[in-house]
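Presented below are the structures under discussion, each in the form of structure tokens.
The same chain A turns up in both complexes below, where it pairs with chain B and then with chain C.
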Partner chain A sequence: MSELALRTDALGRTYRKARKRWWKRTDPAASKEFVALDGVSLEVKPGELFGLLGPNGAGKTTLIKILTTLLAPSSGRAWVDGLDVVADAKALRPFINMVSGGESSGYGILSVRENLWLFSRIYGVANAVINQRIDAMLAVVDLADKANSRVSHLSTGQRQKMNFCRGFITDPKVLFLDEPTLGLDVTAARNIRKFVKEWIAEKPGRTMLLTTHYMAEADELCDRLAIIDKGKLLACDTPANLKRQVQQHSIFELSHTPGSGGLIEVAGLPGVHQATTTETPTSIELKVLLREESAIGGVVQQVVQSGGRILTLKKVEPTLEDVFIELVGHGLNA
Partner chain B sequence: MNETYRTLRWSTWLGWQIESNWADIRLFVLYLIVKPICGSMMLVCMFYAAKYATAGRVPAEFLPYIFVSNACYGLVGMVMFGMSNVVISDRESYRMLKYVFISPAQFQAYFVGRGLARALEGLLGATITITTGLLLPDIRAAVNADGFDFGWLVVFLLLGAVMLWACGMILASAVLNMSRSGMFLSEGIAGVVYFLSGVVFPISVLPTGLQYVGLSLPTTYWLEGMRRAITGRAPASSPLAQSPLAKWDTGELALMLLATTIVLVVLSQLFYRWSLRKAWRNGKIEEATGM
Partner chain C sequence: MRPALELFWKAMMARTYPRVAWMFRHRTWLIQETLLPMLSVIALANVYRWMHAPVQYIGIVILGAAMTAFWLNVLWSLGAHLYWERDSGNLELYILCPAPMMGILAGMALGGLTMTIVRAAAIVTTGVLLFDVPLEPTSWWLLGLIFLLTMVSLYGLGMMFASVFLLFGREAWHTVNLLQEPIYLMTGMNFPLVALEKMTHWAIPAAALLIPLTAGMDAMRQVLFRSEGFLNLWYEVPLLGVMSVGFILLAKRFLDVLERKAKEEGKLTVKWQ
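After this line comes the complex of A and B, so read on.
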């Protein structure tokens, strides 16, 4: 057990919604319990960059909160670096750190450098290396020119970048990144992904748990990943192995104009394993997983007969999105 | 212990940065000098109003009594508000409470350090107010100049610091499990304690039941001790000597302050642990409650 960086055993978390107050009338439906995590069992080895992939509300943040000792589990147990997150929380804390994306945290009155310096001190980083580490991290996120600016003068994105630095500056053994690229621009997100990969490779024994709802990010970064939805673990494997699950199907993307009679139903056609449609303002994007490639003829015919005009048609490689649809029954952003 | 000391150091530094970083010096003056002095001057004016209304039958020693204890009480309010406000500001606006919580820092020492910076500010305010008061001839004349006792002042300040720590932790713990509206809690509690601990009148004025409540609060003994250390004891002929505390000598007062403070410290620590556990269970440490 101690050779695992992370382990959860049937971990569960229930949130109690709105407590009953005698002076307030409460909607009985609202005071029900809500299961955010449902018996999640995971194992992550040291050195792994492990991803948690799931739509909003899947329970990713809840899982991270429990693993970082911020929130109590309702059932099951969890260990980080061999230490129980409940019983050994104090012993564990020096070795972990966390970054939540998409929020602007930081002491506004302090400068970026002071904020980072403060956290280095909290974790007991030696004075001699603090400044050098801060400079290196600020360069990664392209924030060096803001080092001496007050945090209250930064934009949300810049604060998020500072927060990202805060996670790495304490040199944690296990690092938790919760949607680190959420809301960042393309270049910044790309730099962060590049750095994350370098960081994990730089020193053996470093482990990272990263959550995201961007499929491509999970595919690019993670050694292994778990797909979760509605608090349940649906699959856990390498991105390549996960995609192999849907490789037996031929996948086509078809874009067409709306038919005369609303949405065109193709899911029931012979040879069609699964179909998902996304509407854009100008067209309808249809993605079909076919048991045999020849079934595409029937799909095309159906679209044309329903009055739709085909704009593009192409065969594509399976992505994690297809795996997700296969497992969950709907798209990630649906 | 080592971790506690380290946390205390950086959190006091942080607290001082936050408290002293006044963007506008005029606001600083308004907050730290004008506001407390105005509060005290209001009491001074009420004293004169009562004096004229009763054709001078209000004894002169009432003036330093209310003036000094009101100034000292400012410190209590400031620390209680300061420490409970750490929870709200760090959780809701800085959004750093969760990162401090999951760090190796000693979580309680974090509040204490932030409170310490507040207390320094409060001490400064109280000193400025009392000094200003001494410029008033009436107050200066009423103060028993021989009564000032530096030794006892140090004793009561030290015991008071422990008492303020316990008061602050109780408030901070309660706010952990409350939303942003917890802001009003410290004001409310400070008001009740102000009423019960004989700040502007001797507690003998209160109904008997409430007198017992007042006598169980360490703030009552602390304020009496601070008044004696600064202005000396009220003359035996004064109505102020009707107060149940007037018969106590200063050593007894200090011992009683110590005893009630120990009880308060134990209660505050139990309450802190219980509250922190509850907040961790219910996800209140990181929750930005909005509102």
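After this line comes the complex of A and C, so read on.
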């Protein structure tokens, strides 16, 4: 077991409605039980950058909370660095850290440097190394000029960068990043992705579990990925292998104007395996997975006959999004 | 054992820091924390003066105002603090870290205590200078010991409140408000505790003794002004000692319950759940 950085065995988590108390009004609309995780078994090797993909409410954050000892599983077991997350929680905590996207932690009255100092000290990091690490991390996220600014004066993105630094300054063995680039600008997100890859490579044995909504980010960063929906693990493999699963289909992207009757239905056409439509202010973007390439003729004909005008048509390579749609049945934002 | 104590110390000092930094960065607090409470002290002291009450009564009011500052701090800044920490997202990080939560809570208590000592000292100094109250305790050492025991037990109670409020109260400030006003009366903030016994029944001040503020103030008044106490001083001092240990142990127990329930129920530590 110790050769694995993370392991879960039939991990489950059910949220139960709170017991009725005489002094508290309970919400009659709240359901009695909600299964957030359902028998998830995973194995992550040391040195891996492992990704979790899933729509909102899929169970990603619940899984991270269990692995970071913040939440107890309802069934199954989990180990991080060979330590049981329930029985050995105290022994495990010095070796892990977590950063959640959009979190607002920290003290507004303190500066960025002071906040990072505070959250390093509760991990026992010596004063002699804290400032060195803070300077290095602030340079990574381009926040060095704000080191002495009060956190209450920072923008949401800058605060997010500070929290990103907080996760790394304690030099964890296993790091959990829950949507780390959420709300960051393109350049900052790119710098963070670059740093994450360097950080993993820098010291053997460092492991990272990352959840993200950005498919391209997952594709670029992760050695392996798990796709999770409604608490169940649907697939787990390298991005390349996952994409190979949908390579049996030809994928076309077609941009067209709306038809006379609004959206044009093509999913039921012969040879069409799957179709997803995205509306933009100026056009409709249609992505079709075809069992046979020749079926594209029928799709084009259907669009034209429905009053739509084709703007662009191209054949594309499968992406993680296609894998996701194939497994979950809809896109991340659907 | 040593690394554990070292981590406790680091966590405590780190969590003390935001409160101390706040003191230096929001200097207007000195006005609101010293001048404003003095207004009610001046009013009450003048009432006693017009009634030709002994000067010790003015001392009782000044001590009451100073000690009540600690009670307010325990309620608002310590009791309700885990609640605020949860809402700001910090509580989750504190539970996740290897430092003991008791170290974090001790840091919150120490930060609050540092600030309130300044407020209490300002009230006592201004009050004594304005009203010429004689300060002739039977023993400065005994006074210091009683003050220390009162602080340890009071802040131990506050540390216990911190978990209790988060466990049972979704609206911490309602609980705080509920505890604030009746305590002014029960602890004998502006009058000797024996007066409460004469006004009501001995059971009321006896029950109030379980609040460290009551026992502490009654004992300090006996030492400072040689006034009549509700209970003999030599019962009140050990009682404060027992409460000091008891409340700290209870605080630890409730913290353990809090952490267990937080894990089981999936809430309490996470603001959006």
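Heads up, the rule we're going with is that the second predicted complex is superposed on the first by the 320 of 334 C-alpha atoms of A that agree within 3 Å, B and C clash if a C-alpha of one lies under 4 Å from a C-alpha of the other, contacts with A are read in each partner's own complex, and residues count from 1 in each chain.
In this section, a contact is a pair of C-beta atoms (placed from the backbone, for glycine too) under 8 Å apart; a residue touches a chain by one contact, two chains touch by 3 or more.
Quick caveat: nothing in here was measured; it's all calculated off a predicted structure.
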Clash or fit, chain B versus chain C on superposed chain A: clash
If you stack the two complexes on chain A, which partner ends up touching A:Gly124: first (chain B), second (chain C), both, or neither? both
Who does A:Ile310 touch here: chain B (first), chain C (second), both, or neither? neither
Contacts of A:Glu103 with chain B and chain C, given as first, second, both or neither: both
After superposition on the shared chain, which partner residues are touched by A:Ala216: those of chain B (first), chain C (second), both, or neither? neither
Examine A:Ala201 and indicate which partner it touches, taking first as chain B and second as chain C; both and neither are also allowed. neither
With the two structures laid over each other on chain A, which partner does A:Thr68 touch: chain B (first), chain C (second), both, or neither? both
After superposition on the shared chain, which partner residues are touched by A:Leu263: those of chain B (first), chain C (second), both, or neither? neither
On chain A, the footprints of chain B and chain C overlap at residues 15-16, 65, 68-72, 93-94, 96-98, 103-107, 109-110, 114, 118-119, 121-124, 166
Quick check: in the complex, which residue numbers of chain B touch chain A? 6-7, 10, 14, 17-18, 21, 93-96, 98-105, 280-283, 285-286
Quick one: which bits of chain A touch chain B in the complex? Just the residue numbers, please. 15-16, 65, 68-72, 93-94, 96-98, 103-110, 114, 118-119, 121-124, 166
Footprint of chain A on chain C - complex, ascending: 3, 6-7, 10-11, 13-15, 17-18, 21-22, 25-26, 88-90, 92-99, 103-104, 170, 262-266, 269-270
Touching chain C in the complex, chain A uses residues 13, 15-16, 18, 24, 62, 65, 68-72, 90, 93-94, 96-98, 103-107, 109-110, 114, 117-119, 121-124, 166
